[in-house]
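One structure follows; several queries about it will come next.
Going by the order they are written in, the chains are A, B, C, D and E; count residues from 1 in each one.
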């Protein structure tokens, strides 16, 4: 099925409009209130890390940003455009097609990689180019090869995911996303499912992306990465942003007791 | 099916015989040589941590100790008794029944918990007491309850594993093992499958066990635990023990370049 | 010797498929029909009790060979092929081929009217063979459709997929009587006179049994019991040969 | 035992076998397509549609094929549906199979890890593309054994077509049995033919299985 | 359509339905036992046992039940083994069902993580206990839906046992329609009875599934 060639929306370069702006967002699963009145701004070319205890709502917030999860209250805007709903007063959910247009500019990298196991690394990267960007096969494959090269996996192009290490799989997943030339990439614990030895190679690819000016929101437990790469760190606790700011401030100057305890435990476990 | 009541072998208290003694052990999977000429001694009441990069053979070595994996060369002894083979010259593998006797004194805790999902926490712990130690049901249940209490899970006795958090599941798995009163417990990355928030509770249970004098061999990536709890640390690299000694020595005084690089990466990732 | 064994046991086991009215059928779970009445008399003559077994036709003959019972009392037409493998008794009924149509079908009034129409009949039956022969003499020739089960051909007659069903006159007369508003018999019968018999094993051990059954059947005809049974089921009586006839097909 | 009969009737039996294979293959094709469509309908948000699909599946699975086929073929004309025997047979087989296939597909759909679909969604892929390129191949991996199993079961249901005069193998076998009264030879012949067909189907199935799972590495696990 | 016909036939149809149900249930229960034994034998590591199991499964899945019944009931006597009709019927049903069940269990066992039997092994469990306490209970739990499916298929396939002279539901409806010439009405009624039985079985299966899943 040939994908429709949709008109390319050029990235708006107005730096005054934030890439992501979250205002008063709330979200419940049944009686379980998971997000409460979240405010968060991510500017263009910024790297924001979300940290916090398990169950604090980090994944849920991230998934609301590209509307994989429906939020109940407040609004989320990407490059000024309202996410998931029409602008008009009684808000109505966007159609699948409108959502697709939105998501084309927002990449997402998952903890479990979520590669398609029946496609080779190259096919995984090329597929969306063909289906979504309407590229012909040859062009898509050529572009996909360049992306694999960029994450250092040119020679694994024809391997199936099952033959790749976790770190390699996650790098393919990143290549799949950057091939689409998104304006923003969301990462949900991209290294949590990896053997410690393999974490480094994935973090390096992410560091390179950040250096290239990509806007990124990263849920992570890698404090070293957050400290060194992030422009801002947000600490989530029970559905609220309990601390937000540059890493130095959040890690060393915040008086927030839950954050202090969180960092304390982390230190103890890793010092030797 | 009633288990056979086997005669209880009392722990030998001769401290001169090491709990585990590994001498010149080698092991290959086909052409892949995974362990090369390993020597390792674990004395009674000692905690030894195995650290090292992924694929270096840590799990394989651990699994050879209770003969879940067959080793090809060398010998492993537990409390002086040869593991897996007859003492007589052309060595012959032990029968299943003889292996069972050996394994009764050696507990094992896995990365994936491996609880039996169709039994409650209590039943998981009581099962082996009934089947292997031949206890009657009432006694087994009473003993199992005490063990759950010991890992702080008395009130979860009737929950099925699916209803427990990862940390709770792993504590049940530990209770299941200590209920058998083993002389030695092997841990294979007991916290690697856990959310960071849940790691602490499991490490605490292990710390308590160590304080009670239990002999333990622990494969782990938790450097804080290794530094604070272990009597000895062994660094495995490509099937060899590249460094061995008290944690202070291994972590701070070793000149071994691979070990230094291993620790360096670890430090970078976790400092903030 | 089978006959001796039967006499000793005091019962004879016979089987048929009880789905062939008016010869064999179940009504309120009770076995009824021409074969039943006739064999009750035969059993009396043999001085034994009859036990009737209902089986799908698929397993009636295998059962006979496997000695699960001693005689098949389903009405069967004698053919040369069949004579090779089984022993046949003297005839128990006429089996002349006839036709049945839908009651409201005004276009068929005599056998020749089936020219160009659709005809259904039981696969491998002698009536079907005869209607093929008869059809070939007509122009245009009728189309013949073969059914594994003749009840299914009646269902297709009602559904309009065929215009007549072929079977033996006794079967058709009974069927039409049961559903007068749906079916009607086309008279006269078109086929050559032919007969139904019962089937036994051809082995030496079984010869005496088949002979004894034959003797009983002849006696029943002579003393008028056969005529009574015929009147009960067909409304009229007719004489049957007292020897096993030469197969025509 | 007269096995020359199988030779005498050979051409007719082979023709019947051909018809059996044809009806089976066509019935399976219809059943698979219809089953897939039913599975998709059953996943829509429309409650009445979901109930209708559920009811269809339960009725078809709950009643014997013989009875369904009879009601379709002989009962059909009562409501003005007049089908030729082979058509009715194939259609009936397809309808019968579709209920089972729909259930197999339902399980298969659920077995595709949700994350794979989410990854496609987050890349902006259209649903049709996701279905065809991500879900379908994923479903095949977990359902192929069940599909093959069901196809093997359907080979045996084809014998029922004989009662509505489809000239398939069972029908030809019964001709042989009726004309010669050679019942044992018939039974053995049928055992052979159907066994051959099922064996061929399962062998092909295993090959297909190896193909659709070729991307999985098979880890060698030490046995218990 | 003439519904009075159905009323008249109903007692007989229901009686036959009882036969259908109890014979099928017995067949399935024996089939379970056979299936488990065959499955365990095939996984035991013995090549001979695996081969024998393979031949068994190939034959009983490959040959139509009708023919299995005819073979058991009519061909065995030719070599001197005489089996009564009910034994033949239940025997054939359970052998056929055993073949399918053993495959269902084989698949389900693949769904039990290897680590679970390893944990038992490490605790010193004897091999038979690992089967009875760890592997089979879980395989059963995983395969309940497939087993219910199999039960329903078998219940329907049981219509074939009429060839050995057991009057079950389908046979009885044929017999009745042969005498009253009203197959449409009778088959409709029989269809509804089958539907009711299978509906009850499916509901029962769902109940068992839910109870087992609570863990």
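To be clear about the criterion, contacts are C-beta pairs under 8 Å (C-beta built on N, C-alpha and C of every residue); 3 or more make two chains touch, one makes a residue touch a chain.
It should be emphasised that the depicted structure is a prediction, and the values quoted were computed from it without experimental measurement.
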- Task: Select the chain at the greatest separation from chain D, using centres from the mean of Cα atoms.
- Result: B
- Query: What's the chain with its C-alpha centre farthest out from chain E?
  - Reply: A
- Item | Distance from chain E to chain A - Cα centre to Cα centre, in angstrom | 51
- Please report how many Å separate the Cα centroid of chain A from that of chain B, as a whole number. 38
- Where the centres are mean C-alpha positions, what is the separation of chain A from chain D, in Å? 44
- Note on the structure: Listed in rising order, chain E residues that touch 2 or more other chains are 66, 70, 74-75, 118, 120-121, 127, 183-184
- Residues in chain B with touches to at least two other chains are numbered 68
- Note on the structure: Shared-interface residues of chain C (touching two or more other chains) are 58, 62, 65, 155
- Query: chain D touches which residues of chain A in the complex?
  - Reply: 1, 3, 66, 68, 96-97, 100-101, 103-104, 106-108, 110, 112, 114-120, 127-128, 131-132, 160-163, 173, 176-177, 180
- Item | Partner chain B, residues of chain A touching it in the complex | 53-55, 195-200, 203, 221-228, 247, 251, 265-266, 268-272
- Task: Flag every residue of chain E that touches chain D in the complex, lowest number first.
- Result: 1, 45, 58-59, 61-67, 70-71, 74-75, 100, 103, 107, 114, 117-118, 120-121, 127, 130, 145, 149, 152-153, 156, 159, 170, 173, 183-184, 187-188, 190-191, 194-195, 197-199, 202
- Which residues, counting only chain D, touch chain E once they are in their complex? 58-59, 61-68, 70-71, 74-75, 78, 103, 107, 145, 149, 152-153, 156, 159, 184, 187, 190-191, 194-195, 198-199, 202, 221, 223-224
- Per the touch rule above, chain D residues touching chain A in the complex are 113, 115-116, 118-129, 132-134, 137-138, 141, 212, 215-217
